[in-house]
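Several structures are given next for inspection.
First chain A sits with chain B, and in the next complex the same chain sits with chain C.
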Partner chain A sequence: MAQVTLTHITKLFPGAATPAVDGISLVIPKGSFTTLLGPSGCGKSSTLRIVAGLSKPDNGMILIDGRNITHLSAAKRNIGMVFQSLALFPHMTVAENVAFGLKMRGLAEAERRPKVSRALELVELGHLAERYPHQLSGGQQQRVALARALVVEPSILILDEPFSALDRKLRESMQIELYRITRSLGITAMFVTHDQEEALTLSDRIVVMNQGRIEQDGTPREIYGAPKTRFVAEFMGLSNFLPAQSRGSALVFEGVTAEKTMDAGVPQECFVALRPEGLSLSVAKPDGPALNGRLAEAIYQGATSSYTVELPTGRRITARTPDCGLQPGQDVWVSWSPDALHAFAA
Partner chain B sequence: MAITDMEVAPAGSGALKPPPSPAWLVLPGMVFLFFVLLLPVGWLMALSLKPSMAGAFSMEGDWTIANYLRFFSQPFYYSTLIKTLWVSGLTTVITAVIGYALALVIWTAKPAHRGWIVLIVLSPLLVSIVARTYGWMIVLGDRGILNQFLLGLGLIDEPIQIMYTSAAVIVGLVHVFVPFMALCILTSLDKIDPNVPEAAMTFGAGRLAVLTRILVPLTVPGLASGLTIVFSLSISSYVTPALMGGPRSGMLTTFIYQQFAVTLDWRFGAVLVTLLLALTLLVLTTILALAARMTAKWSKA
Partner chain C sequence: MEQGMSPYSDFFRRAGTGLLFLFLLAPLAAVIVVSVNAGTTPKFPPEGFSLKWYGTALSNPAFTGSAFNSLLLAALATAVGTPLGVAAAFGIARGRLPSAVRGLLEAVFLSPLIVPGIVIGVALLVALSSAGLRDAWLRLILGHVLLVLPYVIRTTLASLQNFDPALEEAAHTLGASRFKTLTQVTLPVLRPAIMAGAIFGFIISFDDAAVSIFLIDSSTSTLPLAIMSYMQYNFDPSVAAISSMLIGLTLAGALAIERVFGLKKFLGS
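After this line comes the complex of A and B, so read on.
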């Protein structure tokens, strides 16, 4: 396991107006699980391919444990990679797929065999060693891809949206399995996804990317609980953006004043966001700050219901709370828990 | 409507006629092939078992294998078989190597360039066979461009004979057959997930290992169709060996032509036709059987 350092990585694809990766600098500590999170086209996969050696950066350096590997071919970097399409070798059995990296490293059959069976045990596929990839289910193929990447004891495990083809249930169980395996082996891992829930579940650290740059970098708790920019806030599921003024330690929006300790960076003219899950509705005016409006829409969704409230200014905010039996057209009050309120520069 | 009808009809009442088998659709083609291929070739094969006689086209005479004994007892005759096999085999192998390289170039090219490269690869097929062959004569002749070049460099003292040798025949054939091979292999390459060779690279495979351990095994189906097409076209080619190999090219096809058109010994010519057919079928089934065995375990179909 190793520490990976990226400095000022830049990649401009021929014909593109803006760089796909625009001066990314990042340190991935030894043994940490770091996720690059962002919408498609934000440069996260390009960054990953540069670390893997499948694509050359136009500028910048990649170090593994202080050693410059920028100009080393993919074959010599000692990485283990799981591709979005899995890229299993269709003409090889499960065991041959897993053994491939060891074979390329010149290990003899006798040395390979115990390593391969240990890797297959780790992903609970020992009984399918002689099958071919097309005979396996999607989840089993996923595990083969993971075993194949782990067996070479890579300096860094690289995963490019590996679960995007799986259905929700299988994806969740694979996430938990990946969490368990990477933590028990203490692996340095770099993961790419556009799914914020997946990023929150798996990561020690999340790097949110947008337009080739790092938007915010922090623990899942920091990214979710204290998004620094509107982009991160929206990507992490925040909504209900309202224009506001900041006055010392208070925010004024929609004619309501709310106490809030804020970052120094928030200007006087700013935006607030209210997390839909942190809102509650009531017919009677609650204590403390609250917004008054007319319930425009109530949609039952099982565990929670989605309520859209139209404010006197015509703006709408959405609350997600357990079903509370309110009907559209009713006059309601919307209040919030302190940590559901966030303020940003516009 | 059809669904309600089916529900109303009691099961097994025979209310629904099974649709006619689609196998009937091959009937017109089969009839056509019977009259234009099986009948004449069968007739020729039967003719080969009649005593050799110049000018005899009919089925008279006793059944005999004398023609075959004659063929295999005289080196002048059976050496044509060996030479034909050698020239078409070598042509096929050289075509496979060049075709594979070209297919890789097309496969890895940018989509915008791909069409142009395919057009260039197909270009030999756009020129008439006669024009193409005379073009090669300008290059390969005793006073041709290649000899002038080598003489000019002082590498040789006198022109080397290339035209009217097997080498010229192979050059001519490879030139036309490369497109068939390249396109067959490309079809197989296009079925490979581009991440698969990349994955091999991340696991430590160099370029050669990616080619031999990943790409070649995965393109066996395309390679097999390319090999069968090119081999059967080479072994049965007539114009290129006749023009570039000279009258005594020693290929079976030119020999067949002489039997039918010059000596008019159709019955002995029929022996050559039968042997050519048998040899082609043997090689093709071998290639296809080997390919099927190599891909049987992992191919989905």
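After this line comes the complex of A and C, so read on.
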């Protein structure tokens, strides 16, 4: 297990106007599970491929435990990688696939065998060792890919959207399994996904990327609970953005003043966002700050209902709360729990 | 009425397919029937059953010698042409080429499929003679490598275009050098395609008359040419017997391709 350090990594693909990776610096602590999260084209996969040695950075350095590996080939970096397409060798059995990395390291058959069977036990596939990849289900192939990457005892495990081809149910069970395996081995892992729920489930730390840069870097709790930019907020499912002014420790928006302790970075002209799950609706004016409006839409969705309220300015906000029997056309008050209110620079 | 249409159209479709098969296969069947004719001329219907013409054919040194030549030639041409074809396919698929150059290269390498054999034969005769190459074997091997190449290139290229680049990347990250990646991952994954191309090339080389006729000399001939020259002076069912054996060999080759690669995939690509 090792610490990975990226300093000022830049990558410009030939013909592209802007760099795919634009000066990324990042430290991935020993034994942590770090996720690069962002929309497609944000540079997360390019960054991962640079760490893996499959792509050369134009600039910057990569260190593993302080050793500069920037110019080392992928074959010599001692990494384990799980690919989006899994890339299982179709002409080899499960056991041969898993043994491949050990064979390339010059281990004899007798040394390989116990390691391969231990790796297959870890992913609960011991009984399928002699099958070929095309004889396995999607989830089983997934586990073979993981075993193949782990068996070489890599200094870092790299996973490039490995679950994107799976259906939702299988995906969730694979996430739990990956969580169990990585934590039980205490392995340093770097994961790439565009799915914020997956990132929240798996990670000790999330790095949100946009246009080749890091937007925010923090624990899942920090990223979800205190997004620093509007991009991160939107990506983590926040909505209900309203223009606002910040005045000391208060925010003024839609004619309402709300107390809020804010980061120093929030300018006077800013935006607020109200998390739909943190809002509540009432007919009577509640204590404390609240927005008054007309209920435009009420959609029943089972556990919660989605209510859209039109404010006097014509802007609309959406609340997601348990069904409260309100009807469209009614005059309602929208109030919020303090942690549902966020403020950003525009 | 509407319900009645479907069985009718189904009947016509089946009948059409049946007639087409008949058209394609009946001549072959006729050759086989004639080959077991007890009479002395290739006649239909046959005058009784006999395998004697197989004996006559196999004891004719003009046939056996040229059959040996054809097998050896096809084997050598395939042995030389297959690695060259694989290398050419890698160059076309993986080389950092502008797409126009790539298309041009592909067209040039596959051109022996389109250019008539006679033209290739004449061109080779002129070119090789002016280069001073007069050895029949050397000329035949060079000519037949040209016949084998496009088949190997075509199957390998098709397979390379579907090749998941992550397979090689996975091998790299697991510690494989470029050479090990090629020999342990890339080539084994491409093997069915390469084999199919090589088998097809072998059959084409074995079967060729148009190119070979310009390259042989008085002491070296191939089986198709031996059959042709035999028929100029003799007209007996031993030609049918030798043809039947060729049909059997071709069928075996086609079955081999079907086994390793899937004939449909090969012909359809």
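The criterion applied here is as follows: the second predicted complex is superposed on the first by the 346 of 346 C-alpha atoms of A that agree within 3 Å, B and C clash if a C-alpha of one lies under 4 Å from a C-alpha of the other, contacts with A are read in each partner's own complex, and residues count from 1 in each chain.
By definition in this document, contacts are C-beta pairs under 8 Å (C-beta built on N, C-alpha and C of every residue); 3 or more make two chains touch, one makes a residue touch a chain.
Source: prediction; values computed, not measured.
On the shared subunit chain A, the superposed partners chain B and chain C overlap sterically. Using the contact criterion defined above for the overlaid structures, shared-chain residue A:101 touches chain B and also reaches chain C. When the two complexes are overlaid on their common chain A, residue A:132 makes contact with chain B while staying clear of chain C.
In the superposition on chain A, A:13 contacts neither chain B nor chain C. By the touch criterion defined above, A:90 lies against chain B and chain C together after alignment on the C-alpha atoms of chain A. Put simply, chain A uses residues 52-54, 73-81, 83-87, 89-91, 100-101, 104-105, 148, 152, 158 to touch chain B in one complex and chain C in the other. Of all residues in chain A, only 52-54, 73-81, 83-87, 89-91, 100-101, 104-105, 148-149, 152, 158 touch chain C in the complex they form. Contact residues of chain B toward chain A in the complex are 193, 195-196, 198-206, 209, 213-214, 217-218, 295, 297-298, 300. Listing the residues of chain A that touch chain B in their complex gives 52-54, 73-81, 83-92, 100-101, 104-105, 132-134, 148, 152, 158. If you check the complex, the residues on chain C that touch chain A are 164, 166-167, 169-177, 180, 184-185, 188-189, 191.
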